[in-house]
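Here come two complexes built around chain A, the first alongside chain B, the second alongside chain C.
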Partner chain A sequence: MSTRVVGQPHPIIDAVEKVSGATIFINDLELPGALTGLALRSPHPHARILNLDTSAAERLAGVAVVLSKNNTPNAPFGINHKDEAAFCREKARYVGDEVAAVAAADEETAREALSLIRVDYEVLPTVADPFAAQEPNAPLVHDSVTGNIANEFHIKRGEIDEAFDAADAAFADEFHTHLAHQAYIEPTGCAAQWHPGGKISVWGCLQSVFLIRTFMLGPAMGMSPDDFRVTQTKPGGAFGGKLDVKAALMAAMLSRAAEKPVRFMMSLEEDLIAMRPRMPVHISLESAWKRDGTLAGKRVRIVAENGAYSSLSPAIMSSIALRTDNLYKTPAAEIQGKLVYTNIIPSGQMRGFGNVQATYAWESHLDNVADSLGLDPAELRLKNYTEKGDVSLHGWKIASCAVADATRYVVEEMDWKAKRARGGKGRGVGLASCIHVSGNKGFSVELGPDDTDPSSGVVRVDEEGKVEIWSGESDLGQGATSVMAYIASEVMGIPVERFRVPPTDTGYMPFGMGAFASRITLIGGNAVKLAAEDARRNLLDAAAEFMEIPADELEIVEGEVRAKALPERKMSVGEVVRRAGSVIEGNGKWLAGGDVLDKEKYGNPSTTYSFSTHGAEVEVDMETGVVTILGICCGHDPGRVINRLGAEGQVEGGAVQGMSFAMMEGLAPLEGHLRGKNFHDYLIATSMDAPPIEHDFFESMDPYGPYGAKGLAEVAINPITAAICNAIYHATGGARIRTLPVSPERVLEAIEEARK
Partner chain B sequence: MEFLRAASVDEALAAARDGAAFVAGGTNLVPDVLFGRKKIARAVDISRLDELRFIEEADGKIRIGALASVTDLLESELIRTAASPLYESALEFAGPLVRNRASVAGNLMDASPAADLAPPLLVQDAVVELASAEGERALPLSEFFLDYRKTAVRPEELMKAIVIEPLGQEGRCAYYKLQLRRAMAIAVVGVAVVLRMKGSVCAEAAISLGAVAAVPYRAQAAEACLCGKEIGVAEIEAAAEAAEDSARPIDDVRASAAYRKKMCGVLVRRLLKKALGMPQPVAV
Partner chain C sequence: MSAYKINLCVNGKDETLDVQGDETLLRALRRIGYVEVKLSCEGGDCGACAVLLDGVAVNACLMFAAQADGSEITTVRGIGTEDDLHPVQEQLIEKGGVQCGFCTPGIVVSAKVLLDENPEPTREDIQRGLAGNLCRCTGYKKIFEAVSAAARQVNEGDGS
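The block that comes next holds the complex of A and B.
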C-alpha cells in the first residue's frame, strides 16, 4: 500500500522542545510548597533490624514526617510473589533496601533527619552466590522460602531423550551474564500530591502509569487504584527500569502522611544501587544435531539471580528459558529453571526482558556447534530458522518473518565469506539472530485488567483543525508518541505538524498497559489507528452534510475535506468541526492476539514476532585482550517501518547499548556490595566507543500490525552481544567468552584456554 | 567553607593555611568535597592566575605552568614534538570538557596511582617548582609521590610549574594507556618509555608505570637492563620481566592484580620495540 507519512523519515514530534532544553523533566517539575523526600537505605546486604528509633529525626525542626515499619502497616506487594513492602520489616535484604523515609522542608533538613534515625542492626551472613544459596544450610533471604528458591520449573516438550539418543553429535556449553543497569541518564524521581478527600496525584517518568497503581501503589498503601491519578513526565530514559518504580510509592506515602506535596528524587548512586537492573543468569546448554546441521533437540538449565525481591523476575526467567527455541525449528526441548533469592539488589527487566541473556548464550553456543560440525555459522542458522506459517515447539505462531533476509543482508554487507575465510590473526567476524515478542499476553494477566492485553486510543479534532491523540501507552524516548501521530496522520490526511500527543495521564486518558515487551507500535498503534479511522469517518459524515456530497465521495487531503471528483469543492477540517460543534472525536480499542500460556508454558504469547540479525567485525589484541569493534552491521524485521528516523535511532541505539552491556558495563557485586555505583566505575559506552553501524530493514508486512508494523525496541539489542563474542571467537581461533562482560582480562584468559 | 579567589600568587600563598586547599580546575577537588571524601575549611581559587598558565622553552628545558590545562598540552606544538608521551597521554585523558578544566598541577597533586600525566612526566625527568610564604624549592617528580595519595608537598606549598627535559634528537619514546573504554576511563595500566640513544647504545632509559602500585613510579630495575647497552631482544625481555616484577598492583573493579602485573611486561616489551622501531611480532 502506498503511504504518504508512514515509512518516511521524520524527526520525533517533540524533538525541538527536547534539544532546545524546554522539556520539563520530573526534576524540573515545581509543586508549590513541596517537601523534599529522602530514603534511609540499608548499608548491609542482610541484617535484622533490632531497633529503629526515629524520634530524634521527628523532633528536628522542618521535618514533616518520618515513615518506617514503626508507623506503616505491613502491606506486602509484588507482581509474582508478595515479597516486598514499602519499608523493611524484620530484615533488610540488600544494600539500598528502604528502611525509612523522611519528608522535610528542604534537602538539607531531610539529610540531617536521615542522620538522626537510629537503627540497630544485627548483621546476618550474606547470601551472595546463587549456587551456594541452594545448599541445605545456606542462610535464608526470606525466612519462609526454603532453599532460597523463588520459582522453579521443568518442562519437557517433544521426544527429547530420543532426540539425543539418535543424534549424530551433541554439544554442551555454559554461560554467565552479569548484573547491568539500564543506565538511563535521568536518575529516577517521582512527585506526589495528596488531595483533601484522599486522592493522590503522582508524577514521574514511568513505563506504565496505569499499572503502577494496581501492582504497587494501591496494594502497598491500602487504597484503590482509582485513588491515584498518575501522570507521565517527559522521559529521561527507562530501558525497562522505570516499570516498578518504588520512588512513586515513597513520594505517595510521604505525601499522604504529610498532607503536602512531596518530591522524591533519587541520586545517581541511589539509582544504581536500588532500582531493578538486568537479571544475571547462569545458563547451561546441550544441543543435539544431525550431521548436516539440522537441530534435533536441546536441553537448557538456568539458574537466575532474583536478588532480594521478585517483582517480574519469574517472567523474565521464563522468557530466558523458552525464547530462543522459537527462532529455530526445534523438534524437542527440555528446560529447567530456578530463580534464586540472594542479598543483592533485586534484579529485573531491561530492554530484551531476558532475551539479551538467552540470545547471548544460545547464539554463542551455535557458533561453537558450527565450528565443531565444520559448517559456516550463517549457513547453520539459515538451515534451521523458523518461517512464516510455522507453529513452534512451544506453540508460537509465526505470522511474518524475514530473519533469513536479514541474515543474508548481513552476510553480503560484511563481505562475510571472504572475511570468514581469512579469520584468525586477531581479526574476525561473527553474527547472531533473535526473535522477540510484540506484546506478551502473560503480562496482561499478571498486571492488567484481564487476558486481552488491550490498548485504547482517542483522537480529537478541534475547531482549528488541530488533532490531539490520547493513548494510555507511554513514550519512554522510543518515539511512541511520534509513531502514533504518524499513523493517525496517515489515516486522517492531516499533516503531522497538526498533531499533539500529551503525556499519558490516568486522570482522563483511556487505558493502556504501557511500554514494555515491544508492544506499543503494534498494540497501541492499532488502537490509535482504529481511533483515527473513527475520527475520519465522523469528520466525513459531518462534512457530507455541510457540503451536500455523500461521505464516500469525499477525502481528506492536507487537512482539507475535498470532493474526490471536484477538488475545488473543499472545507478545512477545522471548519467542519466548527460547524459541527466543538470537537469531533474518534475512539478505538485493540485487543492483542495470542493466548495466555498454560501451566506447561505452552501457547502463543504474542500477536506476532519480530526478528533481527546482527553482525560484528572485531580486532583483538592477542597480548592484552583488548577488543576493538571495527564495525556493526544489522538487519531488522520490524514488519514495516513507520518512522524511518525513529527506527534508525532504535537500531543504532540498540546496537551501541548492547555493545556497551557486552563490553564494559556491570554493577560488579562483591559480597552483596555493588562496586559500580557511579558513572566512573560503572562504564557505559561513549561516542568514542561507538563503531560505524550499517543497517537495513526487511519489511515482512505483518498481517496484524498497523500498516504491517510490529515491535523494534528489543530486537535492536538482543543479538549484538553474541555477534561480538562470535567475532572474537573467529578472530582468536577459538577464544570463547563464557562470562560477561568481555573485559580484556577475560579475553586473554579465553585466548589462553583456547591455546590449551 | 570559606571561598577566596586569589588575585596574585602572593595572595594565594598568604591564604594557604588553616586547612586551605587550592582550587585549579576543580575536577578532583569539587567531587571530593561534594561526596565527602575531603573536608576543607577554605577554598583558595587559583584558576584565574594567568601567570601560572603557560608552556614555554627555557634554558633548553620545557616549563609547563601549573595551571596549563590538558587541552593546552594538546594545543602545544612544543609538547607534541618534544614531549610526545605527554601529548599522547593528553589525547587519552578524560573527554574534551574535563580536559579544558583539568590542570597539570592538579593531576599530580591529586596523586592518584592512575594519574595519566604522571608516567609521561616521570620519563622526562620532571622537576616541580614549589612556592610557599617561606620561599621556593624544586622537587624531582621521582621524589614527589610518597604513598597512596600522599605527596612530599607541604599543605601550604603551591606548585608553580613543572620542568621537563625535551626529547631531543636522541629521544625515542612511546606511550600506552590500557583502559576499558575509549574516553573518560581510569587507566588499568599506564606506561611511558623514553630511551636516549647514543648511536646504537642506550645512554639513558626511562620507564614509568601508572595504576600498578600505590604511586606512579620509575621502574628502575627495568631501566637498568637497558642503560649503557645495545638493545636487542634479550635486553628488552629482561626489562619487560623486571617491569613486571616491580609492579605491586591491587585487584579492583577494573582488573585483577594478576592481569595488571602481566600487562606491565607485555606493554613494556611492546613500547620498547615501538620506541626503537623494531618489528612487533604478529601474535597468533
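The block that comes next holds the complex of A and C.
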C-alpha cells in the first residue's frame, strides 16, 4: 500500500518544546502550596522493627504529617503476591525499604524531620545469595514463605528425554546476569493533591496511568481506582522502570493525610537503591543436536533473583524461561524455574522483560554449540529459525517473520565470512538474534481489566482544523504518541503538524494499558487508526451535507475536503467543524489477539512477534582483557516502519543501552548493600563509548499491525549482549563470558579458561 | 548557614535573589523559575543542568549560587526558544537527536559551546564535547549527526 506519511522520517511531534527546554517534567510541575514529601528508608538489608517513634518528628514546626506502620492500616498489595505494603510492618527487607514518610513545608524541614524519627532495629541475617536462600536453615525474607521460593514451575514439552537419547551431540553451559538499573536520566517523582470529598489527583512520570490505580493506589489505600485521577507528566526516560512507581503511593498517602498537595521527588541515589532494576538470573542450559546442526531439544534451569518483593517478577521469570524456544524450531524442551526472595532491592522489569538475560544466555550457548559442531554460527541459526506460519513448541503463532533476512543483512554488511576466517587474534565478530512479543495477554489478566489487552482512542478535530488524539497509552520519550499522530495523519489526510497528543490522563482519556511489552505501536496504533477512520467518516458525512456532494465522492487532502471529480469544490476541515457547530470526533477500540497461557504456560501470548539480529565487531587486548567495541550492525523486523527517524532512534538507543548493560553497568550488591549510588559509580555509556552503528529494517508487513507494524522497542536491545560476547569468543579463540558485566578481569579469566 | 543577596543576569534578564550559602546554582535557578535547567544527579555526572556562566559551560549543580554572584548565565532558553531556534536545536529536531528530552537542554548548551570553539568538529571532537552529557535514549548517533549538521548550517551562514 502506498503511503504519504507512514514510513517517512519525521521528527517527534513534541521535538520543538523539548529542544527549547519548555517541556514540563514532574519536578518542574508547579503545585501551589505543595508540601515536600520524603521517605525514611531502611539502612539494613534485613531487620526487625522493634520500636518506631515518630513523635519528635511530628512536633517539629513545619511538619504536616509523619506516616509509618504506626498510623497506617496494614493493606498488603502486589501483582502476583500480596507481599508489599506502603510502609514496613514487622520487618525491613532491603536497604531502601520505606519505613516512614514525612510531608513538611520545605525540603530542609522534611530532612530534619526524617532525622528525628527513631527506629530501633534488630538486625537479622541477610539473605543475599539466591542459592543459599533455598537451604533448609536459611533465614526467611517473608516469614510465611518457606524456602524463600516466591514461585516455581517445571514444564516438559515434546519428547524431551528421547530427544537427548537420540541426539548426535549434547552441550551444557551456565550463565549469570547482573542487577542493572534502567538509569533514565530523570529521577522518579510524583505529586498528589487530595480533594475535599475524598478524591485524589496524582501526577507523575508514569508508564501506565490507568493500571497504577488498580495494582497499587487503590488496594494500598483502601480506595476505589476511580477515586484517583492520574495524569502523566512526560517521563525523562523509563525503560520499564516507571511502570511500578511507589513514589505515586507515597505522594498520595501523604496528601490524603495532610489534606494538602504533596510533591514526592526521589533523588537519583534513592532511585538507584529503591526502584525496580533488571532481574539478575542464573541460567543453566543443555541442548541436544543432530550432526547437521538441527536442534533436537533443550533443557533450561533458571534461578531468578526476586529481591524483597515480587511485583511482576514471576512473569519476568516465565519470559526468561520460555522466550528463546520460540525463536527456533524447537521440537522438545524441559524448563524449570525458581524465583527466590532475597534481602536485595526488589528486581523487576527493564526493556526486554527478561529477554535480554534469556537471549544473552541462549545465544551465547548457540555459538559454543556451533564451534563444537564445526558450523558457522550464522548458518546454524539460519538452519533453525522459526518462520511465518509456524506454531512454536509453546503455542506461539508466528504471523510474520523476517529474522533470516535480518541475519543475512548483518552477515553481508559486516563482511562476516572474511572476518570469521580471521578470528582468534584479538579481533572478532559475533551475532545474535531474538524474538519478542508485541503486547502480552498475561499482563492484561495480571494488571488489566480482563483478558482482552485492550486499547482505545479518540480523535477530535477542532474548528481550527487541528486534531487532538486521546489515547490511554503513553509516550515515554520513545515517540509512541508521534507514531499515533502519523498513523492518524495518514488515515485522515491532514498534515502531521496539526496533530497534538497530550500526555495520558485518566480524568478524560479512554482506557489504555500503557507503555510496556512493546505493545503501543500494534495495539494502541490499531485503536487510533480505527478512531481516525471513524473521525474521517464523520468529517466526510458532515461535509457531504454542506457541500451537497455524496460522502463517497469526497476525499481529504492536505487538510481540505475536496470533491474527487472537482478538486476546486473544497472546504477546509476546520470549516466543516465550524459549520457542524461542534468538535467532530472519532472513536476506536482494538483488542489484542492471542490467548492467556494455560497453567502449563502453553498458548499464544501476543497478537504477533518481532525479530532482530545484532552483530558486533570487537577488539580484545589479550594482555589486559580490555574490550573495544569497533562497531555494531543490526537488522530489525518491526513489521513495517511507521516513523523512520523514530525507528532508527529506537534501534540505535537500544543497541547502545544494551552494550552499556553488557560492558559496564551493575548495582553490584554486596550483602544487600548496593554500590551504585550515582552516575559516577553506576556507569552508563557516554558519548565516548558510543560505537558506530549501521542498521536496516526488514519489513515483514504483519497482517495484524497498523499498516503492517509491530513492536520495536525491545527487539532493539535484546541480542546485543550476546552478539558482543560472541565477538569476544571469536576474537580470543574461545573465551566465553559466563558472568556479566564483561569486565577486563572476566575476559582474562575466560582467556585463561579457553587456553586450558 | 548565612544568607547572601546575589545578582545574576539570566538570559539577559537581571535577577536579584537571596540564597543560602549551601544552595547550589542549580537549585537557585530552578527556584526562581528557570526549570529548563534539569535536576538529576546533583553530582556533576550527567550534564543535564549545564548552563553557560560568562560564556563557559558549567554544571550548575557543582557550584554554589553565591559563587555566581555578578555572572551572566545562559540556559538553553537563552540559546534559542520555540520561535527562534539555534541551529543546534533545529538539527536535533531534524536529525532525531531528541527522544525523552530530559538531557536535551544540557546537550544544547554543550553543543553550542563546542561549535563556538570549534566550527568544524570531527566525530571525535563531538564525542569529546558531549562527554559530560549523559543520554540514555538515543545511543548518541543522531546527536552527533545533529551537531555536525548544525556546524555546517552555522558555517554556511544561514544560522544565527
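Points to keep in mind about this one:
Here, the second predicted complex is superposed on the first by the 756 of 756 C-alpha atoms of A that agree within 3 Å, B and C clash if a C-alpha of one lies under 4 Å from a C-alpha of the other, contacts with A are read in each partner's own complex, and residues count from 1 in each chain.
In this text, a contact is a pair of C-beta atoms (placed from the backbone, for glycine too) under 8 Å apart; a residue touches a chain by one contact, two chains touch by 3 or more.
Predicted model only: the values in this text are computed from it and were never measured.
Superposition of the two structures on chain A shows chain C fitting alongside chain B with no clash. When both complexes are overlaid on chain A, the residue A:Gln478 reaches chain C alone and has no touch with chain B. Within the superposed three-chain model, A:His680 lies in touch with chain B and with chain C [touch as defined at top]. In the superposition on chain A, A:Gly424 makes contact with chain B only, not with chain C. Within the superposed three-chain arrangement, the count of touched residues of chain A is higher for C, of the candidates chain B and chain C.
In the superposed pair of complexes, A:Pro744 makes contact with chain B only, with no contact to chain C.
In the superposed model, A:Asp28 makes contact with chain C only, not with chain B. Once chain A of one complex is fitted onto chain A of the other, the partner contacts of A:Gly635 are absent, as it touches neither chain B nor chain C.
When the two structures are aligned on the shared chain, A:Val626 is found in touch with chain B, with no touch to chain C. In the superposition on chain A, A:Met688 makes contact with both chain B and chain C. Our summary of the superposed model lists a minimum C-alpha distance of 5 Å between chain B and chain C. With the contact threshold set out at the top, residues 680, 685-688 of chain A are in contact with chain B in one structure and with chain C in the other.
Partner chain A is touched in their complex by these residues of chain C: 35-43, 45-46, 48, 75-77, 80-82, 85, 89, 92-96, 98-105, 108, 126-128, 130-131, 133-144.
Across the complex, chain A meets chain B through its residues 424-426, 621-624, 626, 663-664, 666, 668, 675-676, 680-681, 683, 685-689, 733, 743-745, 748.
Touching chain C in their complex are the following residues of chain A: 9, 11-12, 14-25, 27-28, 183-187, 234-239, 267-268, 476-479, 645-646, 648-649, 652-657, 678-680, 684-688, 690, 692-693. Those residues of chain B lying in contact with chain A across their complex are 95, 178, 180-186, 188, 252-256, 259, 262-263, 266-267, 270, 282-284.
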